[in-house]
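Pasting a structure here, questions to come.
For reference, chains read A, B and C in written order, and residue numbers begin at 1 within each chain.
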C-alpha cells in the first residue's frame, strides 16, 4: 500500500542520513559508506534501463569511467574546481550516451548486450592506451578533490559522505519522478511487451534511446563522485568486470524494486570488503555468490521481501 | 508522487546536516599508544601481481617474527595486517588503505607492487600523516615528482636500473639498440633512461616498438626489431609480458642472431620461463646467491622454510627490509610519530643483517629513496651449484652512483610545520 | 618493407587462426543456446593447466589429446547443473552465471596450481624456426595452424555430416521445432556446450606453449573472440572463422604502419561493421 511504501522510503532515508554514525558501531569505516552510496547510485542508474525498461547493458562501466576521467582530467589539467569537474564528467557521459545510443538502439536481445560489452571495451582501451592524456595503465594521479566553498570534503570524511549523499538524493529524486511520470510508465510497458507497445503506436526506439541516455548520464555522475572519493582515475573502472559488478548488484537487490540496486550494492561492497580480508580466495566466493544468486535468488533480496509482504495492487508493475 | 516529495524533503534535510557537519573538527590522526603496534600491508594477493605480493608478504611476516623476538617496537609487540589491494583495481587498494588506517589504526603502511597504487596510497598516507614504505612500485614519480615526506621506497628507480647496466651493454655488445617497450610509465621511463645512456656514449636508437600491456603475441614487434639489424634488442617488460616476449624471441631464434638485454629482471620471471628461454643480460635488485656477504645464508635458509624450499627473491627482501625499516625508525627515533621517524630515516644506513648486500644501503636525504646495490649479470638456464641459481652476477653497481641527483628527480619535498 | 608486410600477413594468419579457434567455441555455444560464455577464458586456462599437469605422465602428445576432452568434461558437468536451469529465463541470468564462473575458474586455478607462472616446455623440434628468413615460422606455430585446421575441419565435418551436427544446425535455426520433432534438446545443448568447451581446452593447451601459463591467461583472449563473432556475424560459424582470421591479419598489417594502433584496429573494424552491416559479414538477417 502507499502507506507501506512511504514508510519504507522514510526508513531508507533515515538509515542513509545517519550512516556515518552507525557505521563505526558495526566495526566499519566512513569511506566504505560513501563507496556504497556511489556504487549504489551507479547500480540504480543501470536499473533504470535494466529493471524498468527491460534492456540489458553490460557495458555501463564505460560511462562510469567517462565520469571518472572527466573529473580527473578537469581537475588536473583544466581547473581545480570540484563542481566544474563533476559537471564536465556528467556532460561527457551524456554526449557519449547520445551518440552511442543512436548507433545501437536498433539492436535487441543478446546482440545488444554483446555490442554494449564491445563498446565498453573500446572506452577501456582508450583509457589505458592514451598514455599522454589518461596516464594509461598507471592511471591519473597527482590531483585531488578540493574544498567546495566552505565545505571541507578533503579531510573530513563525514562532510564528504554528505556531499555525495546530496548528489545521490538529487539523482534518485529525478529518476523516481521520471519513473512515476507517463514516460516512465511507457518504459515499463516496453519492458513488459515491446511488440504490443509498438502496436499501440509508441515510438519504442525513441523511448529506449532516452532511457539509455538518462541511465548513462547518472552513471557518469556516479563515476565522477567515485573519482573524487579515490582522488584517482583508473582504467580498471571501465573494464567489463566492473560492468558485471553493477549488474549483479542490481539483480542481487532486486531489479523490479526501486531501492533494490542500492541494497544490492551495500551487500556486495560489504561482502567483498569482508571476504577479501578473511581469505585470499575471496574471488572464488564472490563468483560462487554470483552463481547462487542467479540460480536461487533471481528476484533479489527486495524482490523476495515484496513477495512475502501483502501488496494489493500498489501499481508498482504495469500490467 | 510520494517518492518525489520525500526526495525533495530529504535534499533540504541533507543540506542542513551538511551545514552542521562542518562544525565538526577534521579528524586528527595521533599515533597509537597501547596494544600491539600495527603495520598494514596493502599489496596484491590476487590477479597478475599475486605472486609478487605474496612473496613480499612472506618477507614481511618473517621480519615481524624477528622484530618481536628482539623486543618489538618500543617494547610493544608488532602485528602485521594484510589486505588484498588486487592487481588492477586502484579503488580497492584505496579502500583497503582507508580500512587499515581509519578502522584498524595502523601506525605504518606498506605497499604497493603496482606503481599506480603506490602513488594513490601515498596521497592517503600523506593526508593521514602516517609513515609509508613503498615495497615494489618502480615508477620514478614515487620519489620524484610525487614525493612526500612520509613516503620511503626500498626498490630502485628506473633510472638507477638503466644506468647500472648501460655500461656493460655499450662496451660488450655494441651501440645500436632496438627497444621493445611496454606502453606504460614504467616502460617509458626505462626507455628514457637508456636513451640518456645512449646519447652520452654516441650510440644509436634504431627504433622502438610500443607494446600494449598484456600483449600475448610479440611476433610483429620482433619482426620489426630484427629487420633493423641491431646489436642489442632491449626488452623493457616485467612479469607476464617479459615471459611472453622472451619465450617468443627464443622460439624465433633471435637470441642466436642478436644480443638480448634489458633492465629490470626478477627471479619469478626466470622461474616461469622454460630453461631454454632463460637468457639475456639484466639487472637484479637483490639476489640470494651472495656467498661473500654475511647473514645472507641465514636469511635464505629461513625463507626457504616458509616457501617450501624455494629460494627468496628480491620481493621477499623488499618485504623484509620495509618492515624492518619501520621498527628501526621507531626504535631509533624513540617515537611512533611519523615526522620524527621520517627525520630519523634521512640518510639512515641499514645494518648489515637487514641490508643483506654489500656497500651499506641508505635512505637518501631529500627524496627518501633507498640507495642499494644493483646486481648486473646474465640469466642462465640452470645453476652449476644449485638448480635455482638462474642468474650469474657479473658486476655490482652502487645505487648512489647510478641514481639521478635529487635536484634532477623533480622531487620537492614539503615538510609539515 | 614488402618483406615485413608479407611476414606480418603470414603471421597475422597464424594468430588469426588461434583467435578463430577461441571464437568458434564461443560462437557454437552462443548460436544454439543463446549463452554468452564469459567463462570461456577460464576454461582455456583450465585446459592449459591440465595439459601442464598431464605432460609428465603422458608426454606432450598425450596431453594435447587428453586435456581438451577433460576440459570438455568439466564443461559438460557445469552445463548440466549450472547453465541448464537458466535456459527458460532472461539471457541476463546465464550471462551473470558465466561471469561468476569465470571468477571461480580463475581463482580455482590459482588455488590449485599457485599464482606463479609455470614453465611449459615444448618438444625441442618445435621450438626452432623452420627457416632462417621466415624465422617467425617456428615449428610450434606451424604445428598450431595444422592443429587448428584439423580441429576446425573436424568441427565442420561433424556439423555437416553427422546426426548430432545436423541437429545442432537445425537447433540454431529453430530450437522449438527441433524439440517437437522428438530431439532431446537438453542433451543437445549439453553436447553442444561440451563441444564448445573442447575447443577452449584445445586453445588453452596450444596457448600454454606460446605464452606463460598463469591463472588469467584467458582474460585477454576473450575480447578478440567477441569482436571476431560480431564482425563475422552472429549465427554463422564460417563468419566467425573469417572474423578471427581477419582480425589477426588486420592487427598484423596495422603493426607495420601504426604499431601502437594494432590493437585498436579490431575495434575500429567492429565499429565499421556495426554501422554499415550490423548483422556482420556472413550473419543472417533478423537474427536478433
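The working rule: a residue touches a chain if its C-beta (ideal position, glycine included) is under 8 Å from a C-beta of that chain, and two chains touch if they have at least 3 such contacts.
Quick caveat, the model's predicted, so the values are computed rather than measured.
> Which chains are shared contacts of chain B and chain C?
Neighbours common to chain B and chain C are A.
> On a CA-centroid basis, which chain has its centre farthest from chain C's?
In terms of C-alpha centroids, the chain at the greatest distance from chain C is B.
> Could you tell me which two chains share the largest number of C-beta contact pairs?
Result of the pairwise contact count: A-B comes out on top.
> Averaged over CA atoms, how far is the centre of chain A from the centre of chain B? Could you give it in whole Å?
Chain centroid spacing, chain A to chain B, equals 35 Å.
> Just the number, please: Cα centre separation of chain A and chain C in whole Å.
Here the centre of chain C sits 32 Å away from the centre of chain A.
> Find every residue in chain B that makes contact with two or more other chains and list them.
Expected reply: 46, 183, 212.
> Using the touch definition from the top, which residues of chain A touch two or more other chains?
Touching at least two other chains: 129, 283.
> Got the chain C residues that touch at least 2 other chains?
In chain C, 107, 260, 263 touch at least two other chains.
> Within the complex, which stretch of chain B touches chain A?
1-4, 6-8, 10-11, 13-15, 17-18, 21-22, 24, 26-27, 45-46, 83-84, 88-92, 94-96, 98-99, 102-103, 115-116, 119-120, 123-124, 127, 139, 141, 145-146, 183-186, 188, 212-213
> Give every residue of chain C touching chain A within the complex, in rising order.
30, 34, 36, 38, 82, 85-86, 89-93, 95-97, 99-108, 111, 223, 226-227, 229-230, 234, 260, 263-264, 267, 270-271, 274-275, 278, 287-288
> For the complex, which residues does chain A have touching chain B?
2, 5-6, 9-10, 13, 17, 27-32, 35, 128-129, 131, 135-139, 141-142, 144, 150-152, 154-159, 162-163, 165-166, 169-170, 172-173, 176-177, 179-180, 226, 229-232, 234, 236-237, 239, 258, 273, 276-277, 280, 282-283
> Could you please specify the touching residues of chain C with respect to chain B in the complex?
The touching residues are 3-4, 7-8, 11-12, 14-15, 107, 110, 114-122, 127-129, 132, 135-136, 138, 140-141, 207, 210-216, 219-221, 251-252, 255-256, 259-260, 262-263.
> Any idea which chain A residues touch chain C in the complex?
50, 56, 58, 103-104, 106-115, 117-118, 121-122, 125, 129, 241, 244, 247-248, 251, 281, 283-284, 286-291, 293-295, 298
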